[in-house]
Amino acid sequence: MQSILRTKSARIGATVAAMVLLVAIVLYLGDAKGFGAVQYVQLVLDGIRGGSIYALIALGFVVVFNVTGIINFAQGGFVMSGAMLAVAFNNLALPLPPALKLALAVVFGVVGTTIVGALMERLTIFPARHSHTLTLIIITVGVYIFMQGMALLIWGANAYSLPAFSSLALEDQILRSGGIMLKAQSLWIWATLAVVLVALYFFFERTLLGKALRACAINRRAAELMGINPSRMSLLSFAMAAALGAIGGVVLSPATRPIYDMGLKLGLKGFIAAIMGGMVSSPGAVVGGILLGVLENVAAGVTRAGFKDIFAFVILILILLFRPQGIIGGGERGVEQ
Amino acid sequence: MKKRAFALLTMITLLALLVGGCGTPVPPPEPTTPPPPEATTPPEATTPPEPVIGTAYKLGFFSSITGPTSSLGVPERNTAEMIAAQIEEAGGVTGPDGVIHPVDFIIYDDESNPEVAATVASRLIEEDEVDAIVGGSGSGPSLAVVPLMQEAEIPYVSMASSRAIILNPETGESYKWAFKTPQENFHSGGWQAAYVEAMGWDQVCVIYSNDGYGQDCLAQTTAAMEEKGIEVSYSDSFEPTDTEFPQIASVVASGCDALVIGAVPPGAALVTVAAREGAPDLPVVLGHGVCNATMISAAGAAAEGTVFPCGKLMYADGLPDDDPQKALLLKYREDYMAFTGEGPEGLSTFGGHGWDGVMWVLEAMGSLEDGLDLTARRAAIRDYIETQITNWPGTGGVFNVTPEDHLGLTYEALGFVKVENGTWVYFPPEEW
Amino acid sequence: MILADIGGDVAENTILEVEDLKKAFGGLLALDDLSFDVKGGEIFSIIGPNGAGKTTIFNLISGVLPTTSGEIRFQGKAINGLKPHVIAGLGLSRTFQNLQVFNNMSVLENVMVGRHLQSAYGLISASLRLPAGQREEREIAERAMEHLAFVGLDSVAATSASSLPFGKQRTLEIARAMATEPKLLMLDEPGAGLNRPEKEALDDLVRRIRDRGVTVVLVEHDMVFVMGIAERIIVLDYGEKIAEGTPDEVQRDPKVIAAYLGDEELHLI
Amino acid sequence: MQREGWRRHQISIGIGVFAIVIFLLGWLEMAQPMGFEFSDVTGGIVSFDTLVRVGLLTIVVVGLNMLMGHAGQISLGQAGFYAIGAYVSAIMTTRAANRGINVLFPGVIREEWWWWPWLMILAGMVITGGIAYLIGRPVLRLKGHYLAMGTLGVGLIIFVLFREGGTFTGASDGVGSVPRLCIGSFEMWPRERYYFLVWAVALAVMWLSLNIVNSRVGRGLRAIEGSELAAQTMGVDIEKFKLQVFVLSTVYASIAGSLYAHYQTLVNPTPFGFVGSLDLVIMAALGGLASIWGAPFGVGIVYVIKEVLRARLQTLLRGAGGEHEIVIFGLLLVLIMIFMPQGLSYAAGKAFGWLRNLSRREGKTEIDRLTEKAT
């Protein structure tokens, strides 16, 4: 199978053929359900919203992976902790105007989670930094389990809610036109994603710290010789990943209902997005995330929602096998790694 | 060579042990015929002058205190503890011979997981050697323990709704040892269908949670709807952890007149919100699984105007005074709030299901002569529940348990309510 | 005890032929149209400055990396494209520049892995402890022990491989490679990081290996060592062969001197 | 010579000793001398039911040991294969209408066919192994984190397929009223009998695995973990070996799954999700990833902790067990992997030299003999 897909032209051909087939199937199934343009647009819109969250999470994966070579299975935990902390703060009875309170809650969620991330790196990754990959994987998995357990312990199994950010005078925070619905929160999510991307760009391209991180990513030994302390970089990368995850969780919260186990699936999807983007490139991660969001939402829409995860993971496995370097390109990873 | 011989020997001996071990089976318990049940005094009855203290009875209880269905399991657990406290005050249950038996409540968490449920159930049966078991917030855990109860021959009262818990779907016979107290999705579906019909709608969509409860909802609702010639034009499942709801697009596309949601909170709340956003004009009909405050707090504004069948507990004060349940419902509400220190928002019909189940068992225990052995007590309790729970007003309705029907409720047990300004309002058919 | 000549009837004829071998990593060309022959029973050496592509050749021959183009023939049979374990089965074995000792095993077990292809019993036989397998197992261990004795590591057989000093780990790799009973043995910088006495021991060991009829291909930095032991040498520079011949010829070759200009190793000569 | 004999029979003797312990526990529960039953040994904390479940999962974890500890190939989807075994047995042995073989040939299976369930256990093994073979060929080319994610994906897909299987798999209700196993008219029930069956299988599986681990094959696997590069140049066909051990581990899982189905009599998706796979990894890690002997202990520890929480904290925590379990296991897993990555059994083994001999990856019979000669 691989050998067939060796040559570039064949790959392109196969990819195009696959896409055409995919679209055909979608349209066929959608037609059977009596979908009109409205439904497709709606599915795609929602998909992009969900995908943007995946993208934010995927960025976290990429930052950690680039610097430490670790895939942090606890990334989903950061998302959950960001959301839950924000909710918890917002539910405090404080003599504050709601808007200010919400803003503070958001900050609290992100900062708190960043600290959690830093702690995680110091307490679990740092002591085991010389261990076998297998060990590291299991450790990050363990950290995730722990975080989820703590959340359950503190907040129970109830779904909470965070008010939508926008004070726009919209009837229940929804924009409607021609039967298509768009949550005002979606706009916030996209804006956040854009800001984060720009911020990351400036951080990596313009600041010394960012450059140091990149140096670490390119060649740890060399970076070390240049006087960059890899362990500090690792710490920094985890803190950043945590912050990114938390931001994702916080902006997502109003559009869903934060609950203690929300992190697992989001984390996995974020990882798939990162893989689609080639695991090493930030823009790749974003494209991957949005693509994944749209694909699975449309697929689930035209078939059964229960199959949602299957689509995501089939995509994952296919990419791991046939395009380990990601569909956007980027470094040769995965099978070759 | 020697190595192999030795190893083989090991295996053979082990097998020998296996068979040999089974050669001496544990003696099957012979159920002694229970004493003819007499008119019994309720547990809180005043105790005779000089009380004789008999052997302590044990009541096993498990519910989903953690996990996805903990919003059901926690109030159930609270209720059990409340009753335990009351019984302790009363000193125990008084038998027909005036002997007072203290009752130990043993409470476990099934973590909303059938496997764990099975484990704690066998704990209760074998380790704790309880007289009877009340437990199972969700259908999954309940279904998982029924076979154990049948084999161990111990009376079991479930707090979950699926009919398969008490009725063998293949033979159509009731399981001898399994009972349950909650109204069924079949009753719930009946109300839903009646309402949809009254509204003159002929197409509905169903979205149900991806678990035993949700599936039962789908099955029963569909059955009830088809009885009235209403078409279920689209149905799909969802999961509480979903963030996007592509189902709504299909709902809109299918052009149905109303959306029926078969789930318990918080999942049900998520779908309700999504539906309100995706299809604001589409009426939403819920099941009786959402009769607790979690629903309203989680769904917020989206819950407004939703209608659903619901146990009378939630709106007891709105009931006519001649309602046989009213007094008892009000008392339960009072006791519960006093015990947990929560406001009315803490109330839920699920706690009520727990109350009914535990009270059945206690009443049955009250019918036992002193000095019976465990096996006999178990058998007697079971027989009492099957034969003596008639016209028995509970929180879930007026029960008439029979050998054919180990639940004994009709759909009148449920009422119909509407959510208005964040609370339930009695919404009887004449107001439709 | 003395081991039989495993190389067997390997005569003066060519055992390994490399023809127009090309290897490109992405853009850059690691090897460019390289061709050379190795004769049976000789000690052949490949030298060249860092990054000349010496190790790459070994990776291509042993099948660890796919060739870009060109052909590799072993005893007249084309072997490029074959899986590494198949190539090993043909009688080609190697050691590694950056050590690849199995740290999760004892010294003896490391060598026992080398006996993998000299034994055949599989999952079923192993799981049920069938006598045939058990006999083979004893055989494997005994032969492995002999190979350890051959390199002089038998005294530490039971200790964990990771606990061996660096030099001994190199020797262990050689023993492991010898245990596969190769016709041709590729040693990748066997002298790197060894002190003088260790190098002398190595020199002696390589000769003894050759004396057992095993052809040896050597990649080495240490000129003194190479010039002392190699019978024929090719010199690589940036993936191209710039000289070939006996040590003396090579040392006199201006291209070589140019390539090594300023490299003190050459001044030793 | 004595010592050597002991070493040569190490595995068999070890298994023998273990078998005796198992038997004694079972006998204690069955005969109940002076009403003294198993759970009393543990102060009523550990129930006999737990003992059976430990046996079941031991079978799966031994497979994981070989796959992860010896071949160094992680699997976060093992519960999926556990599920296949369980569902094959459950579906094919329930007489329920529209299920199993009765779909194709109504009424074919007869009540008197006591051997049918046993046959279906075999069928489950074959099916699982086949699926694993097909999946394994491509997926095992992945390495490290990617393999972890690949296997995780596979496990989740299997899980979702069962959950969405409609009436055929009973969706999230699952398949109920699975019959008990029988030999002729001899039923493998009450629990004590099933306990012996399960542990006989578990011990057999352990014995086989230990033999494999201490053989040429096991060495090949460890070579792969040590250095794939060197392994293949030493002639080890790494793809074949990875695939073999992967398939073997899934077949173990399948057997355990089938036995689980006949024990629980109800198979539904809940235990087979991602969390299920994680639990298995936790158990393997606790016992020692590379220690077959550690498997029963790893599983045991997890269950005992659960039971302790249940039996002791339930009054204190008002019945809640769930959260605390999750927290404790997460913490435990992290600590173990940081401070004793070889697992508890190894750490314990350090304490008792003899146990270390067992918990070592191989009984060094030949090696010791030869080194004694050499030195």
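We call the chains A, B, C and D, going by the order they appear; numbering starts again at 1 in every chain.
The rule is short, and it goes like this: a contact is a pair of C-beta atoms (placed from the backbone, for glycine too) under 8 Å apart; a residue touches a chain by one contact, two chains touch by 3 or more.
For clarity, every value in this text was computed on a predicted model and none was experimentally measured.
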Chain whose averaged C-alpha position falls nearest the assembly-wide average: D
Pair sharing more residue contacts (C-beta pairs) when B-D is set against A-B: B-D
Determine the centre-to-centre distance between subunit B and subunit D, using the mean Cα coordinates as centres, and give it in whole Å. 34
How many angstrom lie between the CA centroids of subunit A and subunit B, rounded to a whole number? 39
Centroid distance [mean C-alpha coordinates] between subunit D and subunit C, Å: 42
Once you find the CA centre of subunit A and the CA centre of subunit C, what distance in Å lies between them? 47
Would you pick out the residues of subunit B that each touch at least 2 other chains? 3, 7, 66-67, 210
Touching two or more other chains in subunit C are residues 128-129
Would you pick out the residues of subunit D that each touch at least 2 other chains? 163, 322-323, 325
Note which residues of subunit B are touching subunit A in the complex, please. 66-68, 70-71, 210, 234, 236-250, 252-255, 265-267, 269-270, 273, 276-278, 294, 298, 300-301
Contact footprint of subunit B on subunit D as seen in their complex: 8-9, 11-13, 15-16, 19, 23, 26-27, 30-31, 39, 44, 47-50, 53, 95-97, 163, 171-174, 176-177, 186, 188-193, 196-197, 200, 203-204, 207, 264-266, 268, 270-271, 310-311, 314, 318-323, 325
Tell me, which parts of subunit A touch subunit D in their complex? 1, 70-71, 124, 127-128, 131-135, 137-139, 141-150, 152-153, 264, 268, 271, 275, 304, 306-307, 309-310, 313-314, 316-317, 320-321, 324, 333-335, 337
For the subunit D and subunit C complex, residues of the former touching the latter: 208-209, 211-212, 215-220, 222-223, 225-227, 229-238, 244, 248, 361-362, 364, 366-368, 370-371, 373-375
Spell out the residues on subunit A that touch subunit B in their complex, using ranges where they run on. 33-36, 38-39, 42-43, 46-47, 49-50, 53, 152, 156-161, 172, 174, 179, 181, 183, 252, 255-257, 259, 261-262, 264-266, 293, 297-298, 300-301, 304-306, 308
